[in-house]
Structure formats: C-alpha cells, structure tokens
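Two complexes come next, and they have one chain in common, chain A, joined by chain B in the first and chain C in the second.
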Partner chain A sequence: MTANQYDAIIIGGGHNGLVAASYLARAGKKVVVLERRPIVGGAAVTEEIFPGYKFTEFSYVVSLLRPEIIRDLELPKHGLKILPLPSTFTPMENGDYLAAWDDHDLTRRELYRHSPKDAEAYDEYARVMARAAKAIKPIINLIPPDPSSMSIRDLMGLLKVGQYAASLSEKELYMVAKLATQSSADLLEEWFETDALKGTKAASGIIGTYLGPRSPGTAYVLLHHYMGEIDGAFRAWGFAKNGSGGVSGSIYNASQALGVEVRVNASVQQVKVKGGRAVGVILENGDELDSKVVMSAADPKRTFLQFVEQKHLPDDFVTSIQNFRARGSSGKINIALSKLPNFTALPYTGNGANSVLHRGAVSISPSIDYIERAYDDAKYGQISKRPYIDMIFPSMIDPDMAPPGHHVMSCFVQYAPYDLEGGWTDQRRDELGEAVIATIEQYAPNIRECIVGMQVISPKDIERIAGITGGNIFHGELLLHQIFFLRPTPQWADFRTPLKGYYFGASGAHPGGGVMGAPGMLAAKEILKDGML
Partner chain B sequence: MLNLNLKTTPFHERTSALCQPQNWRKWAGYFVVGSYEHVLDREYWAIRNSAALIDVSPLIKYVIKGKDAAALLHRVTTRNVHKMKVGQVAYTGWCDEEGKMIDDGTISRLEDSTFRLTAAEPNLRWLTMNAVGMDVSITEVTDDVAALSFQGPNTRKVLNKVTEKPVDELKYFRLMTNKINGVDVTISRTGYTGDLGYEIWMDKKDALKVWDALMESGSDYGITPVGILAMDMARVEAGLFMLDVDYTSASHAWIESQKSSPFELGLDWTVALDKPGYFVGRRALEKEKREGSAWKMVGLAVDWVGMEKLFGKVGLPPQIPGSAIRGSLPVMVGGVHVGYASTSTWSPLLKTYIALAHLQKPYYEIGTDVTMEITVEHHRRQAPAKVVKLPFYEPEWKKK
Partner chain C sequence: MSHYDNIIIGAGHNGLVAAAYLAKQGKKVLVLERRSIIGGSVVTESFGDNFSVDSLHTGGTLRPDIIKDLKLASYGLQPDSAPQPFITLLADGSPLTLDVESIKRISEKDAARFPEFVRFMNKAAQIMDVTYSTIMPRLPMNFGFKEGYGLLEWALELKLAGRKDMLNFIRALPMTAQELVEEYFESDIVKAAICAVAIHGSTLGPMGAGTGYTLIHSWMNRGGLAHKNVGKAGEITTALANAVKAFGGEIRTEAEVASIKIENQIAKGVVLINGEEISANQIFSAADPKHTLLKLVGAQDLPPEFVWHTQSIKMRGSVAKIHLQTNGNHGIPEGTLVVAPSIKYLEKAYDATKYGEVSEEPYLEVTTSGNTISIHFQFAPYALKSGDWKLEIKKVEELAINSLSEYFPNLRASISNLKSLSPLDLEQTYGLTEGDLNHGQLMLDQFLFMRPIPGWSNHKTPIDNLYLCGSGVHGGGGVSGAAGRNAAKSVR
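Moving on to the complex of A and B:
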C-alpha cells in the first residue's frame, strides 16, 4: 500500500473515532484518523486555558464508557482512571441543602431529614428505575434492527428484542412504556414530595435536550442516565483522571500501541465517491487519501450534509438528516479559582481542601418549577435568567487539575439555546457567564472573589471548537424519536449508510452520546463484519 | 483492672476521629481502621491517584543488633543479607528446614550492624532459636515504633513539602533518615500497594506530630486517610500476598499440603541460592529449584462477559464485591480441581474481577484458560478466567 492508501479512514479524532480506529487496527487493518483540530479528543478534551489550570472544556463526567472497551483496548494501562464523584449537593433557596451520597444509608438518612416519606419511596424508586434500566440495557448492546426490513439479520435482531421484551413481566413492560412517554416531572411527582429532590432528579432528564421537565419523553432521558448505575463496573458518575481528555488520551495511547496513524490539523473537505461507493477523502489542503472504507465520527449533519455530495444520497434520507434534532441547549462555564467558593448551606472551615461538598457535584436545581422556568426563557430563544447548573470541582477529585491550593470549577449550564434570539455575540456570551455567576452567588456569596479566570462556552462555541453542528452535547437529542432504530434515521441505524463503504459511528448513532464509546466500537465491528477490508 | 480491649495504635486519636463508619479491623492485636468512609472508592483511588495515608503501626517489628546481626538474617532469610548496603531494604520470606515459608517481611539495614525486620506474625522464638551462639540482640519494637504507609503518585510531592531533606533521590527499596515537623523519622521507599509510596517510621511519642504535618501539607495534593480494606484491593492488583490469607505459615500448618515454598508463591527472585553458606531451608529449596514446583501463585482475570452470562441467566447484572474477598474459591479446568483462588477482588482501575490463585502444574502457565467458582444467587457457578502475569497493575512511576 502506498503512503496515502488505507484500509479505513476515520473522520474525526474524538473518543468514538479513536475507539473505532483502535478496534479496526486490532483486527490488523491499516487505519488513519483525521482530526480537524491540532489536538485529538473532540468534545472529550482537557486544555490548559489558563496556565496551570486544566479545563475539561466540554464533557466533564463519565458514567457510560463501556467496560468492554476499557478491557479490550487495555485503557488502564494507557492511563485511564475513573475517579469517584461520591455525592451530589443541592443547595436550597431557604438556605438548607439536600445531599445524596454513594452510600445508601447516608442518603436515606439525609432524605429522612426532609421527608420520611421520600426516604422510603427512594428505595423503591431506585429499584424500579434500575429494573427498567436493566430491561432496556441489553438493547443498547444490540445492533438496532430495522422493524420494517425483511432481511434475515434484521428479523433475527427484532426477534431478539422481542424475546427480550417478552421476558419482562407485565409490570416491567408497563413501567418501560410509561417511562417512554411520560415527562420526568410527572414521573417524579408520582414518587416524591421534596422539591430539591424532584428538581435534582428532573435535571438529569433534560440534560442535552431542548425540553423542560414537564415535556413528555423526558422520563426516558432520566432512565438513560440511570444506566451507568447498574453496571456494577460503574456504580455512579465518575470523573476521569486529567478530565475527559484523560479518556480520549488513554484511547489515543491505545490506538498508538495498536499502530493507528493519527493526523491532526487534517480537516476533511469531502468523501471521495467512485462507482457509487466511498473510496477515500479529500482534505481541505487538497491532499487525497484512498481507502476501502470511510467512517465518520462527526455529527450526522456534517457526516451526511457536508462531507458527501447530496447526489450520492437518497432524497428522503437527506430530508430525515435535515430534520434530525440537534438543537444545542446547554453551555459550559469553566472557571479557574484561587480558592474554593464557600456555600452558605454548608460552609467549610479551614482551607476547604477537605470540604465534603466540593468533592462531589453541586446541583443548582432547587425545584422542578425552577428548571421549567429556566426552560421557559429558552423556549423563546433566551438564555435562562436563572439556569440549571451542574457544578463540579475537578481539582478536588484529581488534585493535578490545578496548581496546589488553587482549583478549577466546571459548570454545565442549561439553558443556553443555540438559536439565541438575535444571535450569539461576545456580549451575549458574557451575559451567559454573568447569569451563571449571579446564580451561584445566591448560594456561594464569595464566588466572585475566588475567580481568577473564566471561559464561557455557548452552543455556538461547541459547534465552532468541537465541530458539532448545532452544538448539541449528544450530537443530537436523546429523544424517543431519535434513539435505537431511529438514530440517526430509520433504516440506517446499523452504522451503515446509503453510500456503500461509508459508515457512521459517533454519538449521533445508536446508542447515543455521553462519552460511551459504544457507537465507535459497534460501527467498527459492523465494518469488519461486512468483509470489505 | 483487667483490660481485654485490643490495643490502639499511636495514631488512634486522629484515626478514631475520622473513622465515619466505625469500621475497625483487628490486626496483630491492635485496632486499625478498616475504612474511613462508608464506601471504599475514594480511599482506593487515593492510593492510585493522589496520596493515601495508612496507619500500619501493628506491623510486627524487630530490631536486630550486634556483630552477628547480618549473619543471623543471612542465615534465617533467603536473601543475601551480607550484600545489603546500609540504607537498603529487602523484601524476603523465611522458611523452615523443609523450605516452606514461615513468614515474610522486609529487612532494613539501618546501620552496619543494626537491622529492622518486619513480620506479619511473632517470630521472636524462631529468630532466637537461630541465633544460638551469635553476638546479636533481638528486640521487638512493635509497640514503640509507629509506622505510616504513605502511598500514591503524589506522595513524593507532599513529602518534599514537609521533610527536612528532599526525598527525590530516595530510590525504590532504599531508606533515609529525615525530619518531619522537627521529628526524627526513617523513610523507606516501600509499600504494599504497587504504587509510588513510602513508609515512615517514627517513635510512637512523635506519631501525631508527623500525622498532622502530612495531613496539612497534603491537603492540596488530595491526601486521604485510608483504611486497610482499600489497601487490600490495591495489594491484590500489585500481586502481593498476605500471610494467613494467601498462604499458611509452615509453623501453623496442620497438614503438609497447607504449606508453601517461596517458589510456589512466585518469590523466586528473593531466593538467593547463589549466596555463600548455609541458610535455613537451603537444601530443600535447591532440590525444588532442580525439580520444579508443583504449585505456583498466579493471577487470574475473570472474564466479564462470562460473568455477565452466568448472572444474566437469573436476570441479574454481575454482582461485584465491594471489597477484597479473603476466602478460598476452587479453580477448575474441565470440571477438575486444579487449584484455588485465595484472595479475589474487583479492580476499580482495571474494571476486571481479579484473583490471586494457586494452581498446580501445568495449569499455572500464563494464558491457561480455567474457571473460578463464583456464587450466583446462592448457586455455585464456574466463571471463565485466564491465568495472567503478576502484577495485574504496575504504574511506570512505581520504581522511578
């Protein structure tokens, strides 16, 4: 093979691209990964925005990274460590707080303080959700069958899903059906009375969507986030050593050990098509690379509407990709701190380095109404005046993230609509930053004096920097009509595309986003199955 | 008044104030903290990612002093002690005349004719018996010398902040005298976790001063008090075994088959058959070396997919133990017993269920497929596993 001749070209050096490349290289294939930016990692990167302070710029926690990927690619040997995030604190508007711990009894005791009824319901709720998550989980590992197809493979796949569904009890089936259609608010109100509990739980049902907790379908998203908890391997959300860049970094190291070629600053202009099949790519600098197959790990719109000339794809397919909902609704504020902000609900004494609260997540989600109001602003194209914020202090989990004694803080913010009325400008970006700081200030009055540097990332910035069209953190909302055999579009949810030799294995594919790596792994396996290499 | 309570260590005042779940463990007659928190994760990860402070004072310690101190240790243990330099530490086992392990620990050459020997169990009688006619004194100092194991990749940074002399030059398995907070300490580059780490030895009256200084300087580096349960997980990943858990002392064994030789425990590298003169067990060990060992301790990595299948049959996800299991589990090949796992644990780092296992020839070869017993909803099942090289995990900075 000549220098620019490969078995497979992977477009995009995010974690999915690197996972796919590693699996292909592991099977003995010659693979190149083309990354637009000067660094790999995609939306899972860690960058020193201010000297000494490491920011996990976009994605910031891990829960769903598939354990088989960790083992197959020997990621721990290549530096992967997933550190525990042992608690969630929700400061309340009345000055109290609600805490949830990784220890069952502690959580129960804390809930009891707020509502004995909720403390008891919590147990049962957790069991029901775990059962429902378990019921759905095997489906995640299946290649989605197309229910309208008559091919043997699809029928066998459907049969498997059907058999599986039949193995569920009637009660579980109802539960799954209900979860699929309900709003998270409705679901939670059936169970609990503590506002801060409902608010915090509901928040995980809206992450990455352009919906509010009262929008139908959000209960499923809640469940999707629950899945990390039933694995055994990951009982909860964790923070990767060196941030999310640590995840992609370890996959990158693994890919290097397997002989994958990675080219950075290699922006793809177009996929080359010959005789109705993908045969390589043309880079923006004019270089041409040839391959037997091409896989895109970019978002669906870029993958199908930008890299490939429309004439190579069926009209209805193009239409459905155009209609794929990938509305960015969240922003990210990364802050360098000279000291830890002190929360009035649970002040620390001493230097704060042993503060329990700062070791876990701090959630600004005092009630369902609070979040729904934040959504109300966004519905009409405005930044939430009082947004939902999910805060962590990475330097409290991994002390190497900031200079000794100093800290970094990561704030996931919702809502910050991609289609902001009047458009995103520097001023509007500052406005988003100010909304976040002003909100935090209500609970931690000294926040402003702690700040030594701040990076505000709008959905437009996510699009600009990480290259995700629309700036949606999952490359496309995890809505019921966009998951499983409908992701990214019906009939083409098996990582193949209407263009022969062109594959799709990114967060916009089944089973979705969340630094899971599953789309990349599954796509690579399908590529190998097709025998074109 | 008669006091039947366990003894407390010199750090008890601090450790007892921090031990949230009152999870205490008995260790050589002392109370030590099993875990400081309700869930082990943070403590485990402090060992692997930041700095774990572990009270290991109950380690049995002897000071062996005198003209013949080196000769005694040379005679009793399997290492070539005469070759050890002052400031050197050596890990060793010691055997009975049949070449079966009695105990294991470290020898530190503090001065030319002064050594410290650590042990898991009392060995004074054995040492004294072997010292007949030698110019040597053997003193147990377990109660007087407090010890902290300080383990994790950030420990060097923290020590450098707090010690009088920097520890940068301190090599793996070497020791130095130093001062912390004005207190005399000995720091050895040793540990029981397979990570970068140090053990700090001090007079018991100074214990709290050293603890406080470390906790304060370490606060910016993620220092975390860690109990022995998290250490137990880390030591399995490091392929390190424990007396009475992974092997039985030859002096306590009821039957022959309970005994193990150092070769069988994978300690070939500690048996200096080329050293001059007699040492206890020499002839038996030479014979075993010639003829090969019937058993060997190896690593087992349990296949996750296989576990998933077994649990899946009853509709459960794999149930993972939250801490290391110290119980014997049968290991089989084709339904026939070929050995047993003595400690097994979930590795939070490797995301793998791993075990230290003792297998018969030829099943101890790396790569052999075996099965290990697990319990799935009260039923005994055989989970597929593979024989792998020990240690399971060895970071590059461990010896650097």
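Moving on to the complex of A and C:
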C-alpha cells in the first residue's frame, strides 16, 4: 500500500469518528481520520478561550457515552476520568429554591418541603422511568431494519425487534409506547404538582429540539437523557476531567494506541466515486486519498449534499436528506469568572469554595409554562426573552479549568433559533448573551461584577466552528419521525447509504446524539460485516 | 324490572351503529338517550323559526360499509355525495378554492404538486381506514387467533400500499402538519388551509408533533379537505335510529343513566336518574370513557392504576360553535371556508390555549348553506384560566363575527338570530366531558392500542360485560361509526 492508500477513511474527528476508527483499527484495518479543524474532538472539545480559563466549548456533561465503548477501547487507561455532578439546584421566582442532591434522603426531605404528595410520587416516578429506560436500551444497539424490505437481513432485523418487544411485559411495552409519543408536560403533570420540579424535569425533554415541553414527542427526548450511566450507575451525570475534550482526548489516545492515523487541518472536499463505489476522498488542498470504504461522521446534510456529487444518489434520497430536520435551537455561553455568582435563594459565605450548589448544575426552569413561553418566542424566530439555562461551574469540580481562585461557568441556553428572524449578527449574539445574564441576575444579582470574559455561541457559530449544518447539537432533532428506522431517512438507517462503500456513522444516524458514541461503534461493526475490507 | 340482551348508553351515531348491528344479530336491544332528541354530537336542531342547524358536527359521512350493512340508503342516506368546495381567503379577502385550477393563480408549482398530495392523502386515509376497522388487541402476545388475524390483515394492507407509501404513511403520523405540507407546497396560504384541517377539533397547533396523524384522520373522515355532506347531520342519526327500530331495537329518550349496576365486577344493568332499574346481559357505553368509567361506574369499582390512567385521558376541548341565521346578504360563499391566513396565525391561535386563554385571532371554519352560517371557533379552551364561560361566550361571538366581517363586511348587518355554544355547553348539553368533540384528544399517545388508555382499546373494561363503543375508543373520533361497529362485532 502506498502512503495515501487505506482500508478506511473516516471523515470527521469528533467522538463518533474516533470511535469508528478505533473499532476498525482494532480489527486490524489501516484507518485514517480526517479532521477539518486544527484539533480533534468535533463538538466535544476543550479550548482555552481566555488565557488560563478552559472551556468545554459545546457539549459539557457526560452520561450517555456507551459503557461498552469505554470498556472495549479501555478509555480510563487512556485518560478518561469522570467526576460526578452531585446536585441540581433550581432557584424559584418567589425566592425559594428546589434542589435535588446526590443523597436520596436529603432530596426526599427537600421535596417534602414543597409538596408531600410529590415526595411520595418521586420514588415511584424514578422507578418507572428507570424501568422504561432499561426497557428501551436494547434498541440502542439494534441495527434498525427496514420494515418495507423483504431482504433476509431486514426480516431478521424485524424478527429481532419483535423478539425484543415480546421480551417486555405488557406494562413495559405500553409505558414505552406512551413515553415515545406524549409530551413531557403531559407526562410530568400526571405525577407532580410542584412547578419547579416539573419545569426542571421537563427541561430534559427539550434539549436539542425545536420543541416546547407541551409538544408531543418531548417525553422521548426526556427518556433519551435517562439512558445515561456512569460506571453502571443509571441516570448519573458527570463532568469529564478536562471537560468534554477529555472524553474525545481519551478516545483519541485509544485510537493512537491502536494505530489510527489522524490528520488535522484536513478538510474533505469530495468523496471520490468510481464505478458506482466510494473509493477515496479529495481534500480541499488537492490531496487525494484512496480507500476501500469511506465513512462520514459529519452531519447528514454535509455527508450527502456536500461531500457527494448529487448524480451518485437517488433523487428521492436527496429530497429526504434535504427534508431532515436539523434546526439548531440552543446556544452556549461560556463565562470566565473572578468569583462565583451568589444565588439569593441559598447564599454562600466566604469565597464560595464550600458552596454545595455550585458543585452541581443550576437550572433556570421555574415552571413548565416558563419554558413553554421561552419556546413561543423561538417558534416565531426570536431569541427567548427569558430562556431556559442549564449552568455548571466546571472549575468547582476540576480546579485545573481556571486560574487559582477564579472560575469558569458554562451556560447551555435554549432557545436561540438557528433561523433567527433577520439573521444572526454580532448584535443579535450580544442580545442572546444579555438575555442570559439578565435572567441569571434575577436569581444571582452579583453576576455582572463576577464576569471577566464571556463567549457567546449561537447555533450559527456551532455550524461555523463545529461544522454541524443547522447548528443542531444532535446533528438532527430527536423527533419521532427521525429516530430508529427513520434516522436519518427510511430505508437507510442501517449505516449504509445508496452509494456503495460509503457509510454514515454520526449523531444523525441511529441511535442519535449526546456524546454516546454508539453510531460510530455500530457503523464500524456494520462496515466489518460487509466484508469489503 | 325489564330485561334486555344489550343496553346502549347514548343515542349518538356510534351508539346507534352499535345498537343496529346488535339488533341485526337478533339481540333484544335498548338505547338510552339523556336528551329529548337523539343524535348526540351528530344532530340537527332548531333554535327558532327556520333556524335549523347542525349543532356540533357539520355533516360527515359514515363508513360506506356501515351504510351498506345497515341498508341506510333505504332510509334516505346517500353514500356517494359530491364533495363541497373547500375555500380559503387570500390576503385581499378574495376566496380561493383548493383545486388545481385555482391554486395556479398563486403558485404554478403548488398546483403541479397538488394532485400528488391528494393521491398520497387518499392512500394514507385508506390505510388509516383499515387501521380503524381493525380492533387493537391487548399487547404483546396476549391475544387469540381472531384478533391476531385482524392485525395480520392490517400489516398486509400496509405492505400492499407499496414501499414508498407505507414508509411515508408511518413517517407522516408523528410529523407536524407544517412539515408534511412543506414537503409539497411553497405558498403559505395553501399550506395553512391544509393545516387548518389537521388541527380541526384538536388542541394542538400545526407545529405540534402528531398533527400529521390528525390530518390523515380528518381527511379520512371528511373524504378530502372539505366535509363531504350526506345531508344534514341529523339525517345520519335519524336513518340510523330507523335502522335500529327496523331491526327490532328500542330507543328511549329523556332516559339519563345515573349509574351502571355492578355486582362482583360484572355489569348487571343500569339505574336511571329517576331511580328506574333496567337489567341487561351486556352494557355498551357510547358516552366518553371518562364519563362512563369515572361517573357511571365510579372509581370504587375499578383497579387504582386503571383509574389513574382514566383520569389522565386528555380531553381538552377548545372548540366553540356560533350559529348565525341571516337574511342571506352576507356574501360568504357556500361550502366549507376557513379563516387560516398562515401557519403562524394558526399556531398563535393555539398558543393561547396553553395558558387558558381564548385566541384573540382565532382559526375559524365556516360552513354556509343558504341563510344559515355555522362557525367552528378555535381556540376556546374549556379550562379558562380566569373567567366564566357563561360570560366569556359573548366575547367569543364578537371575536368570530369581527374576524369574519373583515372579509365579509355585510355579515353583521345580515344577522337576524344567533345561537352559540361554549365548550361548557358542549359538556353540559351534549355530555362531552371537557367539551371534547372526539371524546379524547386525537394524539399519538391516545392512538391505536393506547385509545382510550393503554391496554383497553379492544372495547373491554375491567368490568365484565361493560363495553365502550363511543368515539373515545380506537376507531373513534369523527363521524365514521367505526368504533360502534367494531364494538358490536367484538362481542359474540
């Protein structure tokens, strides 16, 4: 083989691309990963935006990363270290707060303070959700079959889905069916009465979607976020040492140990096609690389509308990729702090180093109506005047993230619509930053005096920097008609594409986004099954 | 105490369909109706001299096989009436009929796509129709050959639809109506007019997931975009009542059921509000599931989890009706006309309901026949955050008339008589819990084997010999009669 001759080329050095490459290299294949940016990690990167302050620029918590990947690639050995996020703190509009601690009894007592009924219902709710998440989990590792196909592979796949369904009890099956279709507001209103509790829980159902908590289908997104596990502990959220860059960093280290070649500053212009097959890529600098197969870990639109000449793909397929919903709806505000903002609902003393709430997440989600109104703004192309914000203070968990005594703060904010009316400008970006600060100020009045530097990332910026078309953090919304055998499009949900030798293993494929790594792993396994290498 | 084979609670179209099928099998059948007239939601009433209107459902068509089975043609029902025009209003106020020729006026591209859209929708409606005529058994493997066979037939029908239509049908169900129409059309006015049909009677906006399903549902029930009228709504239920009687069944009006008599988890009969008791082997309730299970049965006789699920059924009516009698000089064209200028307009009209408010700029569907105008007003939520429907209904009347007058300035002066019905009236007069026309919202989590609640879509209830045959169970919603027929057929 010559220097530019590979078994497999992986486009995109995000976590999925690196996972796929590692699995292929593990099988003894010669693999190269091509990354457009000067660093690997894609949307899971840590960057020093202000000198001394490190930020996990886009994604910021870990939970969904598949345990089998951690095991197979021996990620802990390669530097993966997950630090738990012990609490969620929701300040309320009346000056009180609602907190969930990692101590179950403490949480129960806290809930009891707000509503004895909710405290009673809480355990049962948690049990039901955990059961539902466990029931749905086997689907994550299934290769979605095409129900309209009569091929043996698809029929076997359907049989597997049938077997899976039959393995559930009647109750579990209905639970899953209901959770897959209802709105998170409807789900939560059946259980609870405390607004702040419902608001905070409902927030998991809107992450990365262009939907409000009253939109049907959001309960599924909520459930998707329940599927996380850290070291086998269900529904645990953590923060990776060195941020999300620490996650992709460890996968990168693993890939290096397995002999994967990674090229940065290597932007792909086009997939080379010969005799109806993908046979390599052409880079923007004109370099050509040859391979037996090519896998894209970019979003579906770049994968199929940009990298491949349209004449190689059926018209129907192109249309359905054009129709794939990938509307970014969230922004990210990364703030460098000289001190911690002090929340009036539970003020800290001293410099706040001992503050418990700052060690966990702070959620601005006082009620379902609050989030729904934030969505109403976005629905008509506006930035939410009072957005939902999920804050964490990574420097409280990992002091290496900021200079001594100083802090970094990461604010996930929704909604910031990609299709902003009038378009995104510097001024509109400032407006988003101001909406976030003004909102936080209601609960932590000293926030402005703490700020040393602030980076505002709009969905347009996510698109520009991370290369995700539409700036959707999941590469495509987790809508009912965009999951399982419909993701990214019907008939092509098995990681293969209409172009032979071209594979698709990114968040836009089954089972979806959220730093899971599953699409990359499953795609690599399918590539190996096809025996073209 | 008199005794019957079957008692049917409610003489709406589903109750009557069930009664007719049962009577046809030779059963001794009694239908009990609360009101002094039969018809339920499918009723024609007089509110004054020459002021006779279809109070709730304007027209509708029963399933053709029901018309045939029950020989309804011999009672004057015409199964194959021509569809009415479906009209929307352009920004300048001029009407636009939704057909290829008229759409050309605003978009050549949309006109070219229209036939393919209609073809797909007809196909989807056909698949939906087969879905509704299949009784959804309990899942997963807890059903016998007969039920399994029905499911198999259904799966076969899906396969026969062809690969592309089948996948597109499945995909369309959870989609938003907006997404669905955007795959075909570019003009907002055409898209919005179709979206209006998708949200008709449902408490969701066109940007809500699952309105793809409600569009197909409405399309199936109407036979297209416009209501396909077989005549006055009351003619449907009158023909059905005649069929019931011809097969030897009895119908009693002003006979309100107070409770269902239950002994050892078995339904034995009913008790009327005047204290009269009537016994029967089987009871069919065409009332909505919440009313049937929580009021007529009562929580004390049901398993706690079942009660919890029943309480959680989403009813959420948000429709008010305003009927106008005019001197005819109103300027509104005959047929079905919608005030739905844009998708955003419809979505904003819906937004109000989320916070318990009446839409200031409502979506209206106006059915006009000569001097009589019926306005379907959305959204007027049953659960108002503040205010009382007895007073608020005046505001709704004004909003409706003002909104229409913008396009038809002569309307107000032409009005001679008016009758309006609030969501509270829908509950109190017509017995629809929370004013929900469909006995439960048509949403994906209340669809197929989850309607009315998960596991109980096969017309059965935890009470032996008590069956559900109304719109609230699978097959229901709209004027098709599928729920009533399926219920009657599920019992041997």
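The criterion applied here is as follows: the second predicted complex is superposed on the first by the 527 of 533 C-alpha atoms of A that agree within 3 Å, B and C clash if a C-alpha of one lies under 4 Å from a C-alpha of the other, contacts with A are read in each partner's own complex, and residues count from 1 in each chain.
Here is the rule we go by: a residue touches a chain if its C-beta (ideal position, glycine included) is under 8 Å from a C-beta of that chain, and two chains touch if they have at least 3 such contacts.
The structure displayed is predicted, hence computed values, not measured ones.
When the two structures are aligned on the shared chain, A:81 is found in touch with chain B, with no touch to chain C.
By the touch criterion stated above, A:170 is placed in contact with chain C alone, chain B being left untouched. Touch criterion met: A:480 reaches chain C, while chain B stays clear of it.
Contact residues of chain C toward chain A in the complex are 138-142, 159, 163-164, 166-168, 170-175, 179, 183, 204, 207-210, 212, 308, 312, 314, 344, 347-348, 351, 354-355, 443-445, 447, 449-450, 454-455. Every residue of chain A that touches chain C in the complex is listed here, in rising order: 147-149, 165-166, 168, 170, 173-175, 177-178, 181-182, 186, 190, 211, 214-217, 316, 323, 325, 369, 372, 376, 379-380, 479-481, 486, 490-491. Note for the complex: chain A touches chain B at residues 67-68, 70-71, 76, 81-84, 86, 101-103, 105-106, 134, 167, 230-233, 241, 351, 353-354, 359, 398-400, 404-405. Of all residues in chain B, those touching chain A in their complex are 37-39, 41-42, 45, 48-50, 154, 219-222, 304-305, 315, 317-320, 348-352, 393.
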